[in-house]
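Both complexes shown next keep chain A, but they swap its partner, so chain B is in the first and chain C is in the second.
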Partner chain A sequence: MASVTARARTLNINGWAFVVPALALIAAFAIYPILTSIWMALHAGQGAEATFVGFGNFVRLWSDPMFYQALTNTFIFLLVQVPIMIGLALVMASCLNMPSLRWRGLLRTALFLPCVTSLVAYSVLFRSMFSYDGIANAVLLQLGIVSEPVPWLTDPYWAKVVVMIALTWRWTGYNMIFYLAAMQNADKSIYEASRVDGISSFDRMVFITIPMLKPVILFTTVTSTIGTLQLFDEVMSITQGGPADGTLTLSLYIYNLSFKFMPDFGYAAAVSYVIAGLVAVLAAVQFLATRERTR
Partner chain B sequence: MTPGFNRRRAIKATLGSLLGSGVGQCAAATTTGPSSEITVWAWDVNFNAAVMQDAAKRYAAKHPGFSVKVVDMAKSDLEQKLQIALASGVSRSLPDIVLIEDYNAPKYLRSFRGAFEPLSGRVNHAGFAKYKVDLMTVDGKVYGIPFDTGVTALYYRKDILASAGFAEKDLEGITWDRYIEIGKAVVAATNKKMICINPFDNGLLRAMVQSGGRWYFDKDGKLDIRGNPALRATLDIQARMVKAGIIKPSTNWAEWVGAINRGDVATVVAGPWVTASIKAEKKQSGLWGVVPMPSLGVPGAVNVSNDGGSSWYVLSSSKSKAQAVDFLGQVFANDLQFYQEILLSRGAMGSLLAARSGPAYSAPDAFFGGARIWQQLSDYVSKVPSVNYGAFTAEAGAAVNAQLPALMRGTSTDKVIDAIHTQLASQVR
Partner chain C sequence: MNASLRSLLRSWLVHGFLGLMAFLSVAPFAWMVVGATNASIDITSGKLSFGSAFVDNISRLAELYSLPLIFWNSTKIALIGSVVTLAVTSLAGYGFEMFASRTRERVYVVVLLSMMVPFAALMIPLFALMANLDLLDTHAAVILPTLASAYLIFYFRQSSKAFPAELREAAMLDGLREWEIFLFIYVPVMRSTYAAAFIITFMSAWNGFLWPLIALQSPELKTITLVISSLGSAYTPDFGLIMVAVVLATVPMLLIFFLMQRQFVRGLLGSVK
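Let's turn to the complex of A and B:
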């Protein structure tokens, strides 16, 4: 018999032998921690002395001002930085896609390089560039744009700006590569037709390029959303949560709860489930918004 | 059976190699038994780590074969690493002795009971400054050996203040309000700021609150935010200092020290550990003086406080804890000559009260124009108000920091105090 029955497939030891090691690792390092964290989120207490509180942690979340501060900051980063970054990446990809561009390889590398630099190295550099006597203030003062040094890292508003600049600098190139690849795979005949029809280049971008790139844009916005909701590295290295919790994000709040303040791992786990919930909701929203509507 | 691939043999070979590598790794991972080398975690390689090495040399002279390995890392890294190691329960990664800053000691002692070795009865704590011993006492047992004191003073640049028309007597026994007035005159006359403050680090704020004899928490560990005149006065004074324009802001340690070394500021209010940083700029030798810090001006406030200071603790999981306790007791609790040496070579002011009468403490210091600053500072040590730091210093600091911008923008102190209380109440469980 050439065909294999379903039952025979299930009992096929060969298949299981190949799959079991990977399954074991996933179970040990992904499934077990997730289940444990659900159990932990139902407990509260200092360090090792945790008692069962049911949904007590989530009730506590509801009236926790620091949690709301972290949530607000995270959403500010999400709603301001991500659109700017995606827009910039689209523009840059479109520029790099021009056939008449010289040194394209060099420019592409230069724009992509920030996202492979060492995180700590660039954070330290940004901190010194934006310090009170740093180069950013020196340039601004020299050009006469400001009359007094800007308190980049000592003011909650400007600290957010610094973090956004850092994030944009680092991740725009990464997103740009996705768009560039998609654009280069596109059918050039559409553009020829549009040129014959006399469509302006701006309209070309908005009505042809962007709809064509919709799946890629969806992918990058979802991953950027997830990345921003879990933002930790930059805020930890550049501002440590910022002056007056101005750049405190949810992940940094979890870190503080576990390793800086009196350790309450149960509460930290509860906050992490908030992040997980937000990620799921926002990803679902984005997929729904861009689904193909069949008429 | 296919000739090329034999399934049974392949399965046996895979399982065999897995087992073999597992056993091999187990053999490599077993510890080789208790070693005679003591591991110590500390920060500040020029100060704490160096003093620990000096102490080890003195002990090794009488106990050959004794050696100490000091692992140096940044203070906040050490705190987080210690907390993680204690929380995970993996004692293999813990050192034998660890340096803990006094503000954090109650947090560790109370969250991780049994992790630290009680030293009452094995070391004589009576000779140390009372406020240091109190903060390492839990349930009547004393857990560590006090090390350096953070007794605060006002360090000032004689030349800058002279150009504004002030001498040392104008700075002695003043209140912060008077300090602000002097500051405004200094800024106007010399274009230099009066003090450098790092809003991320509220060391000065804590020192000011403690100088009023109060803390964020009362003696029983309950929140003491509303109805705390010391905290209220501190916040008011901070707001007034900002409005007066006498502060130079900095964002980290390097900038803060840089402002002092470059001569951008006329004064520093900090513990004796700042002496080492001040002396780093040799060109300023002879230009500095030391007086008591300003007072809050509320009932119960004094001109002395504490900013920093740390102590050595022995981990109960240590395999060499008996020797570690003996080492710390012999050197830090008994060796007066040791304290003279570390004062001269490292500028380290210990908390052993008997050491104050040693020769190094009464020696004049050329950098400070021949003044006997160590004698001055050690006189202040016994006057530091004793407060219960509680276990939630980090949360309290975060709550206060979160409200500082609002305070600076002009929000009323009452509203700021309410906001601090609300945030802290939800954090403190």
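Let's turn to the complex of A and C:
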């Protein structure tokens, strides 16, 4: 009996020994900063001159046009780009999964290749392609799709389009890989039965593939949503938030508030908790949806 | 006849669609390589053929930055960061899974919750913390906050569920201690899990931008990603130099991808099965 408790104690000591290095690092570089940023969000001013303002920083958000601009831009990216990308990735995955497909490996590798690039590197690449007399305009003019060059980076509307094209290029293959893996794990007999029954490929997509992939689609949608809410590298490197704040995102606004404008850490922290709140709400949605599925 | 014609048509359509998408996916890589051989003015006017400016571009880039040093900075940060991250997070993932207790489960939930707070909320406190520790503008400041990735703890814990319990029991009967079981049995058995995790951490460190941008100021400490960014934010960016830097930043990632394609994809898929 005594040896059992001794063994349990050894197990417990071992249990802590294995996790303590990670916990110490998380406490120092995640938990402590999180607590500090909550404190900051509730204060105005810095250092010794900081005064407690409660939710004052959050109240200030209501009348800040630049915050609204950043929030609107972020949601435009979210609501336009994420559905296009997810849809495209689904179509690409189901095409790649067709049994009669040739050059499958080659096509898959090519479609996946953009995932290898760093966010800053591909953003700068896209910036060069979408310059006023750059390659994108040259091709469009040549094909007769446009009659005069598109002001890609100098017009707030088109600058958003460039950012969305770039995001779609970089991330569609990434999402596709998730769907492809899920499709290959799925029961092949379902597909074969539907083919024998003469169901059209569109119906197969809507009534079999999408319901079957629901958990994966949900996962990728939430990941993409969180990624878009934190969008920074691309807009910083392609447009620096311009023109006329047309591509300013919440994360870029926080960066500007902290390191570009007169440092206003408390207010910046408040904006960051708006992102945190949005992330939490969306994570809760995912949690509820997943629970419904397993019930 | 009609049916076979239709399936032929569909096959063409699918091949055409995927072919076009594959072309669009690869074209920017070709653009990058061609661009590295052209002068800035030719790049922004959409020149599609190889030029003769490559030597000029790379030598002017080398005048601005010591390229071996920049490369070394990126490699050092990514390598040290990845090795320590893997050690720390796999120990924790293994520990949380093998020695489950009620208290540790609660701690685990807190660890996962810490993942929810976006980096934007942490960057100012981290900046202040590094200033207090007198670590600003050092590589340690870049590496430290990335070490204890909650995501990778989760990843290793999920992967540990596949580690056969009999192996652990057999090792215990042989009188191995817990740390010996971990080091001599778990690590070798799980090497493909480690390979996949290594690729994730190495890539995210190599490509890291926002935090290194804040933490580093001295030119001689900059990573290749920061060099691309500061070349790009010039008032009149020289795209010839930028393209060379982009090629330099991308080639190592392409090499890793082609040499370890399976682990690469596995790493991205994480523990989603």
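The rule is short, and it goes like this: the second predicted complex is superposed on the first by the 269 of 295 C-alpha atoms of A that agree within 3 Å, B and C clash if a C-alpha of one lies under 4 Å from a C-alpha of the other, contacts with A are read in each partner's own complex, and residues count from 1 in each chain.
Quick note on the criterion: a contact is a pair of C-beta atoms (placed from the backbone, for glycine too) under 8 Å apart; a residue touches a chain by one contact, two chains touch by 3 or more.
None of these values were measured; they are calculated from a predicted model.
Participant: Between chain B (first) and chain C (second), which, if any, makes contact with A:256: first, second, both or neither?
Facilitator: first
Participant: Looking at the overlay, does A:57 come into contact with chain B only (first), chain C only (second), both, or neither?
Facilitator: After superposing on A, A:57 lies clear of both chain B and chain C.
Participant: Could you look at A:209 and tell me whether it touches chain B, chain C, both or neither (first, second, both, neither)?
Facilitator: Neither chain B nor chain C is touched by A:209.
Participant: Quick one: classify A:153 as touching chain B (first), chain C (second), both or neither.
Facilitator: In the superposition, A:153 contacts chain B only.
Participant: Does the superposition put A:127 against chain B (first), chain C (second), both, or neither?
Facilitator: Both partners, chain B and chain C.
Participant: Just chain B (first), just chain C (second), both, or neither: which does A:247 touch?
Facilitator: In the superposed model, A:247 contacts neither chain B nor chain C.
Participant: Taking the superposition as given, does A:224 touch the first partner, chain B, the second, chain C, both, or neither?
Facilitator: It touches nothing on chain B or chain C.
Participant: As a test of reading the superposition: which chain, chain B or chain C, is in touch with more residues of chain A?
Facilitator: Comparing chain B with chain C, the partner touching more chain A residues is C.
Participant: Touching A:116 in the superposition: chain B (first), chain C (second), both, neither?
Facilitator: Touch partner of A:116: chain C, not chain B.
Participant: Tell me which partner A:265 touches in the superposition: chain B (first), chain C (second), both or neither.
Facilitator: After superposing on A, A:265 lies in contact with both chain B and chain C.
Participant: So which bits of chain A does chain B touch that chain C touches too?
Facilitator: 14, 17, 127, 131-133, 240, 258-259, 265
Participant: Any idea which chain B residues touch chain A in the complex?
Facilitator: Those in contact with chain A are residues 7, 11, 79-80, 83-84, 86-87, 89, 107, 110-112, 199-200, 249-252, 255, 391-392, 394-395, 398, 401-406, 419, 422-423, 426-429.
Participant: In the complex, go through chain C and note every residue touching chain A.
Facilitator: Spelled out, the residues of chain C in touch with chain A are 10-11, 14-15, 17-19, 21-26, 28-29, 31-32, 35, 43-46, 48, 87-89, 91-92, 94-96, 98-101, 104, 107, 110-111, 114, 116-129, 144-145, 147-148, 150, 153, 178-179, 182, 206-207, 209-210, 214, 225, 228-229, 231-233, 239, 242-243, 246, 249-250, 253-254, 257, 261, 265, 268-269, 272-273.
Participant: Residue numbers of chain A touching chain B in their complex, please.
Facilitator: Residues 14, 17, 44, 46-48, 60, 63-66, 69, 127, 131-133, 151, 153-156, 240, 243-246, 256, 258-265 of chain A touch chain B in their complex.
Participant: Chain C touches which residues of chain A in the complex?
Facilitator: Checking each residue of chain A against chain C gives 11-12, 14-19, 21-23, 25-26, 28-34, 36-37, 40, 88, 91-92, 95-96, 98, 100-102, 106-107, 109-122, 124-129, 131-139, 169, 173-174, 177-178, 181, 185, 201, 216, 219, 226, 229-230, 232-233, 236-237, 240, 250-251, 254-255, 258-259, 265, 268-269, 271-273, 275-276, 279-280, 283.
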